[in-house]
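Here the structure is laid out as structure tokens; the discussion comes afterwards.
Order of writing sets the chain letters: A, B, C and D. Residues in each chain are counted from 1.
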Amino acid sequence: MKYEDWNKISRIASRKSLWVLHFCTGCGAIELPPVMTSRYDMERFGMGPMATPRQADVLLITGYLTVKTLKRVVNVYEQMQSPKYVISFGSCPINGGMYWDSYNTVKRLDRYLPVDVYVGGCMPRPEGVMNAFLKLMELIDEGKARGWEKYQKYYEQYKRNQKMAFNFGGEENEGA
Amino acid sequence: MLEFIFAALLIAAFVTLFIKSGRIAAIISLIASVMPLVAIMGWANEFGIKTISFGIENSMNFSIAGITMHLSITSFAWFFAVMIFSLLPPIFLFSYSFFEKNNGFFPFMLFLVTAVFGILLARDFLTLFFFWELMAASSFILVYIGRDKKAIMSYLAFSILSAVLILTGIALLYSQNNSLLFSEVVFNSDIVTVAALVLMIAGFAVKSALMPLHAWAPFVYSKADEPFVAFLSGGVSKVGYYGMFFVLFALPGAKILQQYFNSNIATYLLAVVGAISAFIGTLLAFMEDDLRKLLAYSSIAQLGYIAVGFGIGSSLAIAGALFQAFNHAFFKSVLFLAAGAVAYRTGKWKISELGGVGYKMPFTFMAALFAIFALAAIPITSGFAAKWLLYEAAVSNKYIFITPIMLIAGVGAFLYSFRVLYGVFLGENRHDDIKEAPLPMVAGMFMLVMPLIIFLIFPGYMLDMMHSALVNAGIGTISHTDYVIRTGMASYNTLAVVIGMMVSMIPAFLIYVLRKQKKVDFKDNFLAGEPYEFYGYISMHAANNFYKPIEDVIMPYLRRGALSFYTALYNIMGRISNALRKIYTGLSQDYTIYIIIFFFIIVGWLIW
Amino acid sequence: MVITKIAIIALYTTAAMFVGILFMGIGRKIVARVHNRVGPPVYQGFIDIAKLLTKKTNISHGWIYDLALLFSITGIILTILFLPIGGVKLLSMEGDAFLVLYLLAIPALGFALGAGASGNPNAAIGVMRALVMMLSYELPFVVTLIALMIYYDTSSIAQIVEMQRARWAIMIPPFVLAAAVADMALQGMLMEAPFDIPIAPHEIASGPMAEFGGKHLGTLMIYKAGTIVAYTTLFVDLFLGGGVVMYDGSLLAHIANFAVWFVLIFIVFTLSLLINTSFPRFRIEQAFKFYWKYEALLAFISLIWVYLVVIS
Amino acid sequence: MKALELIEKGEEMHGRAYIKSDRDEVSSIIKKLKENGFDHFVMLSCIDWIDENEFELVYHLWSYEYKEHVMVSVRLPRDSPSIGSMHGLFPQIETYEREVHEMYGVDFEGNSRLTPFLLDGWRDIPPMRKDFDSKKFAEDVFDNIPEIKEEEDEGI
């Protein structure tokens, strides 16, 4: 699917009205409400929190992911309608953060889901979150935020990785 | 002509008595039921829809045991006959595949049809009562087939009550002017005639389940076979209203009541009873879990509207009432047949157990959907025109208490109509194994839905059919063309609505067509976020006690329902009969004492 | 002549829908200003709808689910056709207030069917609340409607607007009470804060819209915009004279009436928004009791008052 | 310390009463404490003394009356750790026992719900035991999940 012929209006439209599904895992969940208050006000970019995956464009993963939570995150991601983007907060989804040696924490999130924007920091401040949103808007505008296409294209590889994580590395039996 | 029809119906009834297989019996009764319909249509273009007069031309007199019965067609009977008898062919088509074995449904149904035909054609009170009893008897046997004790007992009690009321009414009238022929009955506004009128109206009201006399309806509707209940609630309840219409308007009953009380207090009471039964019927309907009981209460509510129309009495109101009767006959039969089709396939009646039937039975669902739209009076069906006339009449007569209650009952209809659609047909798919209902059933249902569409676009045709009935009853008519109804207050142009809808459907259709979409099955959505295979199967169908928050608010006020009134009545009767029983002590000398005492009373009364 | 009539109707309907979508953006701006926030740009409504309609993948749960899409837009445009806008009688000579009342039910029921077909339990509970809300706010609204009909002795909205030329209905003493009651009912119809029970995002995941995404949600946004215009125009037509200032059919009259109508529905909408921002959400029983106890009482008082005025 | 008066053998540690007991008299001690004011069951913790080849189960109780915290500890052999379930005394002990069972492998007779509780589809030895090397497990499970290989021509 050639990216350029995807008309410009729908790219502008999806950039200026991003609806956020706030998947509150780990300790980052409390970082989003300040962004909605009057000091930072993400609504001026047309962004608003949405209740269900069907209505949302951006999936916000806000902390460490255990294997059990990863199952739910993948299910929610697949229910969203593309074009969909993923932003992950904090250092845990990047490389497991301070739980790097834990038996249960998933290390690199982008092996299971295509992540468009990472926000570093062991829970970023609201300014960091705002920068992440602005960065995502830039990427959409330049046409670089195509995680959902990547997921569709390499679907088998993602599914294989997810199954391996669900079986804690083992290949044989089906994940419970 | 009439003799031929009666003969055909009775022969068919007797023949089907002895046929075992349901299929053949259904075919015979189908043919037999088409006969009256053909005759009625014959009279229509013979006399011309607008010109049927009160005449006696096509009459027939036969005498049993020396009493001559006078039967002939009139304009009111013609309108009600069209309404009731066009229900029959689809119902018999439906029951072709509903009954494998002929369990007595067909013969007694045909007896019931002859009885109804007789009532509509009766020209004197005796024939009216004779066929009324025949109708009560045959419908009682059909209820008996349902084998439910409570339904049988309540139906028996209320049929007897209605028969007694009508008989005393006739007796009082006979004492006035000792002739039974309708044409010779002369009315003078005195207490006896008024009492007779009130008793007869009450007698007819029992059959059409008005609020205080409705106690039998929920039991009977939920326990008898669906095709019979469809005809009972669709057709037979209209016979009650035919009687009421006849007594109030053909024999100038309403004018007598008006002169006697020199204000229309009596008919206003009838309107209030109708409005109350519409309001409380709706409230009870959306709290019910059994599908057929819900439809029974909704039937009581919709019939209440007709009583309101008759109560108001203006030409607008009666036209609205007759239109509503026509619509109710059709959409209520479709709903009961749809409930029958669902029960035929899933064997369940409780809404909480049903769910997702619409995906596997799309045609039954479509028929029920359209009937529900007609019931909820949505402007895309003919249901709205009827209710619109009633609202216009009520507002133009400045009835400020009846109109809000009626409108709220109308809006309440949305609640239980969604309950039926969601609880039974939509929601999470719990019935994967069922197939669509057999073809005859679906055909029967769609034949019943057709008139609702025809009279959506051209309500004028309906008003033409009513025209002769209204003119002969001395009620004015409504100015209307084929698709515009004009009343003093405003006008309703159905063509504008239909064209407006077509035009405004274009943007929606464009959006629907331009973007392609992917069908998604259920497992993907109702467990949003939870991995389906891990969690096992939890039923997520929010069907039972659906309106719980409202029930808790309304139920305390409805506690003293009509049923508690009847149970109290039952207890009193029980105590009185126990007391009376003590008289029969079984000793012969007590009886001789009673005879002597009675003899003295007679002698004393003669001397005094 | 017919062509110009159709052109006017088409123009006014699209203008009304345009104003509705504009009001969604303005509404969010006003709410933001009350929260001392900057708030989205005024044309945010258009962007949201454009984004939703240009979604790449759309999901559907069967033909009944798509029915919601068809019903909602058809119903709301049909309702706007039957409402006089700025004094211009589109089709409202053909139908009357009862027709509009029931036309407003078409999208609600079609939308409920779509939510029901989506199979999501949240949607079913949301629809139950929406229908109960409709039942509750319908009683006071209908009673005030009847009061108006009895006073003006007509049930057609166009004639009511016609008769309010000299004096707006709200200036007549009994109708001040009726207007207050109707305004609270309007709060329920627009599903603003104290009564946004059916679309509560926290408890039932935005209720009936739980499974609507992409173009279905886009049509729902257009329907929401339509309802904003339809309900406020209904209120303005019944109580504030339908915004008719100049009566000759000239172009200037059209523009003046349209402007006055725009200002009036803006005031009514802002009033409901200010109530929206200052109230938490009611529970469904509280809303039902509120409408059927206090509001109905006030409504019946104004009805009887009008009845007495009419008789004397 | 009120707890020490109640049960003789025990000493005071960091301001808390510390009572050593063995397998079969633990429930009687806890029952006694519960009846005399220690009605708040704080938690059940387990320590893995790998060099002494023993598990130590510590039942923490608190009394609002005396404002005292008492720790009843039990030593279990590491290879076959099993003890009677206490959920008769305090219902919530059942959940703590499930967690200790899943994380350490201690068996509690009488607790019917020793099913997998926090870990999903776990097939290794209970992870909190000292002989379980979490770092190595994390590396060989999560680190060798293969990269997503993309065809080079369409580098995004």
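We take it that a contact is a pair of C-beta atoms (placed from the backbone, for glycine too) under 8 Å apart; a residue touches a chain by one contact, two chains touch by 3 or more.
Since the structure is predicted, the reported quantities are computational estimates derived from the model, not experimental observations.
S.K.: Applying the contact rule given earlier, which two chains have the most C-beta pairs between them?
M.R.: Result of the pairwise contact count: B-C comes out on top.
S.K.: Quick check on this structure: which chain has its C-alpha centroid closest to the centroid of all protein C-alpha atoms?
M.R.: C
S.K.: Starting from the mean Cα coordinates of chain B and chain C, work out the distance between those two points in Å.
M.R.: The separation of the two C-alpha centroids amounts to 36 Å.
S.K.: Distance-wise, how many Å sit between the C-alpha centres of chain A and chain B, to the nearest whole number?
M.R.: Here chain A and chain B have centroids separated by 60 Å.
S.K.: Could you work out how far the Cα centre of chain B sits from that of chain D, in whole Å?
M.R.: 71
S.K.: Could you list which residues of chain C touch at least two other chains?
M.R.: 55, 57-59, 205, 210-211, 214, in rising order.
S.K.: Multi-chain contacts in chain B: which residues touch at least two other chains?
M.R.: Counting only residues that touch two or more other chains, chain B contributes 525, 528.
S.K.: If a residue has to touch 2 or more other chains to count, which residues of chain A qualify?
M.R.: Only 52, 54, 71, 176 qualify.
S.K.: Flag every residue of chain B that touches chain C in the complex, lowest number first.
M.R.: Per the touch definition, chain B meets chain C at residues 356, 358-359, 365, 369, 373, 376-380, 384, 387-388, 391-392, 395-396, 398, 400, 403-404, 407-408, 410-412, 414-415, 417-418, 421-422, 426-429, 484, 489-493, 496-497, 500-501, 503-505, 507-509, 511-512, 515-520, 522, 525-526, 528, 540-542, 546-547, 549-550, 552-553.
S.K.: Of all residues in chain C, which touch chain A in the complex?
M.R.: 28, 32, 35-41, 44, 47-48, 50-51, 54-59, 201-202, 205-206, 209-214, 217
S.K.: Can you list the chain A residues touching chain D in their complex?
M.R.: 67-68, 71, 96, 100-108, 110-111, 144, 146, 150, 153-154, 157-158, 160-161, 164-170, 175-176
S.K.: Note which residues of chain D are touching chain A in the complex, please.
M.R.: 118-124, 127, 132, 134-135, 137-138, 140-150, 156
S.K.: Any idea which chain C residues touch chain B in the complex?
M.R.: Per the stated touch rule, the residues are 13, 53, 55, 57-62, 64, 66, 69-70, 72-74, 77-78, 81-82, 91, 93-99, 101-103, 105-106, 108-109, 112-113, 116-121, 124-125, 127-128, 131-132, 134-135, 138-139, 142-143, 146, 149-150, 153-156, 159, 205, 210-211, 214-215, 218-219, 283-285, 288-289, 292, 300, 303-304, 307, 310.
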